[in-house]
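Quick heads-up: structures coming right below.
Below, chain A partners chain B and then partners chain C, in two separate complexes.
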Partner chain A sequence: MFFHIVLERNMQLHPRFFGRNLRENLVSKLMKDVEGTCSGRHGFVVAITGIESVGKGLIRDGTGFVTFPVKYQCVVFRPFKGEILEAVVTLVNKMGFFAEAGPVQIFVSKHLIPDDMEFQAGDMPHYTTSDGSVKIQKECEVRLKIIGTRVDATEIFCVGTIKDDFLGVINDPASTA
Partner chain B sequence: MSVASDSPVHSSSSDDLAAFLETELESDSDSSSESFPSEEAEDDTEVANHRLKKRKLEHLETVEEEGVENVASVTFSEEISEASSSKRPCDHPGSIKQICILCGEPVEQTGVPLRYMHQDMWIHQEEISRIRDSDIKFLQRQRKLCLVLDLDHTLLNTTVLRDLKPEEDYLKSHTHSLQDVSGGDLFMLDFMNMMTKLRPFVRSFLKEASEMFVMYIYTMGDRDYARKMAELLDPKGEYFSGRIISRDDGTVKHQKSLDVVLGQESSVLILDDTENAWPSHKDNLIVIERYHFFASSCRQFEHKYQSLSQLKSDESEPDGVLATVLKVLKQTHSLFFEDGGGYTSGRDVRTLLKQVRKQVLEGCKVVFSRVFPTKSEPKDHPLWRIAEGLGATCATEVDASVTHVVAMDVGTEKVRWAIREKKFVVNRGWIDAAHYLWKKQPEENFGLEQLKKTETEVKNDDVTLEN
Partner chain C sequence: MEISVPVQKTVVLEPFIKLVKLVARVFYDNYTTVSDNQQKSARSDSRGTAVVVLDALTRRQWVREEDLAKDLRSNAKQLRKILRYFEEQKLVMRVHRKETAKRAKMYSAAVAATTDGRAEDKVNFHTHSYCCLDYQQIYDMVRCKLDRIKKKLKDELEDKNTVQEYGCPNCQRKYNALDALRLISMEDDSFHCENCNGELVVECNKLTSEEVVDGGDNAKRRQREKLKVLLQNVEDRLGPLMDQINRVKDLPFPGVESLHAWEARAAMAARANGDLNPNDPSRTQGGYGSTPMPFLGETKVEVNLGEGKEDVKSEGGDSSQKILPPWMIKEGMKLTEEQRGEMRQEAKVDGVSGGASKLSDDKKSAMGNGDDKDLKDEYLKAYYAALLKQQEVAEKPTQQESAGVSTSDSLLATTSSDRQVGMKSKREEEDEEDVEWEEEAPVAANGDYKVDLNVEANEEEEEEDDVEWEEG
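After this line comes the complex of A and B, so read on.
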């Protein structure tokens, strides 16, 4: 799920950036530092959308660096248990398959793939129904439901299921190509 | 500076919302998904059934209460039993990143680590055997067995660049581009400071073997190395696709084991140059002669020959070691599936492999002379066991039925007897060669005269087989 929230961060800036472009430098450094990272609490920071305020800088003794408290608005992505996500399959094996929804990795166990789908090994391993109408393989898009999340400091990992109504393959580039 | 280390400010709005959603979504998912209720474990089935019936009734939108209760219990008895069976608490067949792969609850890491699939994937033993069993149908249809392949000295030979001898410098100008690896067999991996030579015939070997086997790589190298080598051997990813097991993925240090391989032990063949790496699966193992292309590799195993690179030669492509092994694999495979047999017939590759091996020296009766130390029991000596494994009969004393005398020295009584009786006198290399080449070797190539000429070579346990 995406959220638009306000976060704060203390930015340390080298004295060489002081001057007319101080604010621009601060913002571009903030974007470089924050975008694409993940915190367990808020999820992945997708993009910074605006700066709320830049507080008073504090000069550090001895180094000349200045610390600015910056409040910024950003879009974050945080998966939740029970949420439905669309993801791209990255790896298929006997145990199930792995998929990615942006920065989040999701594993769907064989147990949570509908029973009528069977694993087929070979150079392109996939799960398929007996009539071959539905095929889960690398690169195809699936809609899945998250049943468990594990949140680390820098990573969020999920376990999902497609054994429910309206879940499963939504687009298979290999078959349409 | 990382984001994780700094403390996010307590902007109340976002925190509250996140917490609210978390609880809301979790409670929502608990009530809506019947499959994994954790709090209902203590509920008896009757309550569960009742609840389910209720739900079904709502679906039917029926009006009459009493009659429907009965009808429903009949009509949906199947679903009810199914549903109630899924009502029991999850038995956590495995976990990934410490969450159960089935119910998503946090669990302990137990079972067997399948790190080659995912760094933090652990699967229970029962689940693994279940997967192995369920795989049989598929493999039977495909007529495939499993094959576990070692990398170093089996399929290829790698050296660290700084160990290259001056006379090997010419190799640097013969390397192939890493852009398109499918045609070449000698690669310079600058970023790893390594040079790798693929064994002759390896590409045809993999191609043909992939039709009979589901193949794994299992190496004592680290993961990055294993992946890189797999790329060289299998640029399209069609042979191994994710079945690459490295030192980091094993369960026991300095040993290899089939416990992480998802195949029935009775259907897995192993190809490795080191017998000791597989202490508990020797019967599945085909020991292959080591491929020493680089001088550093010869040094490592205290070989005193010049390496193939120094001699500017290589193993022969059409009848080298890999081609020989491929024949053995083919033979074992066809024995397994012969007469419509296969997994269902209870056949075991281990016995079949023994059977194939036994044909090599069939009909030979071998007597050893001054090969074993006097104080040890001859039956315990590896050479004795190898000879028996190859189908030869071993004896300690000579008699008329003896066909070969294996000796290290011309002067012994048994050798004199053999010459008198016109029996074959061979050195131990004859047995070693048969062991590696899966074929009885011409005795005249292994006479004691050859032994004298190449005195130094005998000190090494191996025989030169390179052409």
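After this line comes the complex of A and C, so read on.
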């Protein structure tokens, strides 16, 4: 799920960035620092959408670095148990398959793939139904449901299922191409 | 537990009352107005109240909530909380209205007329709340609940929402699917132990399966036991409820009556009866010395949707290919005739055919009231244009079947061919008496060939779609 939230961060800025463009420098450094990162608490920071406030800088003794408390608005993405996501398959093996929904990696184990789908090894390993009408392989898009998340300080990993109504392959580039 | 309900004026309510009672005991037995983190003193413990309230409601129809509280000797505030909860749960309907002397009088009259009970006469003229059980919704709600319970159990049994576990046969280390990222190896397909690089095996942890991998696993056994208890519970407690649901299924539902309608009807009945004897011995008393169930269920609207559909099926026929619904047909799609629907042939027969019905359907659902009129005007215009054209062609001998000659082929297809509706439209043939259809009918696509007046219609259609999406 996406959220638009306000976060705060203390930015340390080297003295060479001081001057007219201090604010811009601060913001661009902030973007570089936080966009694409993941915190267990808030999820993945997708994009910074605005700066709420930049507090007074504090000069650190000895170094000349200045610490600014910056409040910024950003869009974060955090997967939840029970959430339905659309993801792109990245890896298929006999244990199941891996998929990505933006920055989130999801693993769907074999027992959460419908029973009528069998694993087929080869240079393009895939799961397929006996009549071959549905095929899960690398690059194809699936709709899945998150059934478990592991949230570390810097990482979120999910386990999903496609063994339910309306889940499964939604677009297979190989078949339409 | 049986409480006799006077049959005098009621329409087979008993099964529904029984249903409500079962529902109360199965789902709301433990309901308490005190949230878990609050200290529970004996006094504030309201468990069981929900059941009492529901039972009391089965013996009344519309009731002023304060009166109910008085009857039940319960705290009005607490009762309101419970009723609000029931409203959220779709068990009861509630009405809030500002009391006037006249209204209060009407209400007491209605209560007196339909029940043995007596409404409080001296009420202050604030806003008062009334509530009443909604049997139809209760039925739907219970079915929904049961379905979800079943689904959940089924998922549990089929192990649908469990995270797969893996074990290392060498060092007995356990992993689960959430570790998957760390376990994949570059060399082969399987997962490998971080510790000894042994190949991991899938642990069968189906809660129901008999072959548990290692026998000494207490957690699993406990889980299975829990599941057994759960299943037992489901059978014991939901069994009667399911039976009751099945029994009620085909019965006519007590109609839903608004408070106002109920009062009006009660007043009429009282007048018709002439005698207003609250001590009538034929009226038995329920618990709480309270009011027997008044009559419910007279206003009824029966809508038979089924038959039309059957017709459609039999006609819609035998093309092996599926007919795409018109909203799925987009410009530039390559479609066979069948996929476009057999409208082509049918259009001839129809006379009044095709897209009209679909369009108007869409129109109704998708458009605000204002646009409605504009569109109608459009249709009317198109209709007259078509009529004119038809008169011109009228001299020509037609080869069509007599039924359809009237309007069909000569009409301009102001709707796009996309709009051809294979199935739904046919229903409309049967009831042409509907004025609205007739108005709009000529806009129908006549399917023999594409006439390119589609553009305009297309635009309209897209606008409609837009609206629909915005709403969604």
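Just so it is clear, the second predicted complex is superposed on the first by the 177 of 177 C-alpha atoms of A that agree within 3 Å, B and C clash if a C-alpha of one lies under 4 Å from a C-alpha of the other, contacts with A are read in each partner's own complex, and residues count from 1 in each chain.
Definition applied: a contact is a pair of C-beta atoms (placed from the backbone, for glycine too) under 8 Å apart; a residue touches a chain by one contact, two chains touch by 3 or more.
This structure is a prediction, so every number in the text was calculated from the model and none was measured.
Chemist: Consider chain A as the common anchor and indicate whether chain B and chain C clash or fit when overlaid.
Modeler: Aligned through their shared chain, the two binders clash on chain A.
Chemist: For A:80 in the superposed arrangement: first (chain B), second (chain C), both or neither?
Modeler: First partner only, chain B.
Chemist: Which partner chains sit in contact with A:12 here, chain B, chain C, both or neither? Use first/second/both/neither.
Modeler: The first partner, chain B, only.
Chemist: Looking at A:116, would you say it contacts chain B, chain C, both, or neither? Reply first, second, both or neither.
Modeler: In the superposition, A:116 touches no partner, neither chain B nor chain C.
Chemist: What is the contact status of A:139 with respect to chain B (first) and chain C (second): first, second, both, or neither?
Modeler: neither
Chemist: For A:24, using the defined touch cut-off, is the partner it touches chain B, chain C, both, or neither? Pick first, second, both or neither.
Modeler: neither
Chemist: Regarding the shared-chain residue A:41, is it in contact with chain B (first), chain C (second), both, or neither?
Modeler: First partner only, chain B.
Chemist: After superposition on the shared chain, which partner residues are touched by A:100: those of chain B (first), chain C (second), both, or neither?
Modeler: Neither partner.
Chemist: What is the contact status of A:33 with respect to chain B (first) and chain C (second): first, second, both, or neither?
Modeler: first
Chemist: Would you mind listing the overlap between the chain B footprint and the chain C footprint on chain A?
Modeler: 91, 93-96, 98, 107, 109-112, 121, 125, 147-150, 157, 159, 161, 163-164
Chemist: Chain A touches which residues of chain B in the complex?
Modeler: Touch residues, chain B against chain A: 1-4, 6, 8-9, 11, 13-15, 17-18, 21-22, 25-26, 28-29, 32-33, 35-36, 93-94, 96-106, 114, 117-118, 121, 123, 131, 135, 138, 142, 214, 236-239, 241-242, 262.
Chemist: Could you list, by residue number, the parts of chain C that touch chain A in their complex?
Modeler: On the chain C side, the touching residues are 158-164, 176-181, 184, 189-191, 202.
Chemist: Hey, which residues of chain A end up touching chain B in the complex?
Modeler: Residues 1, 3, 5-10, 12, 33-34, 37-42, 45, 71, 78, 80-83, 91, 93-96, 98, 107, 109-112, 118-121, 123, 125, 145-150, 152-154, 157, 159, 161, 163-164 of chain A touch chain B in their complex.
Chemist: Applying the document's contact rule, which stretches of chain A touch chain C when the two form their complex?
Modeler: Touch residues, chain A against chain C: 91, 93-96, 98, 105, 107, 109-112, 121, 125, 147-150, 157-159, 161, 163-164.
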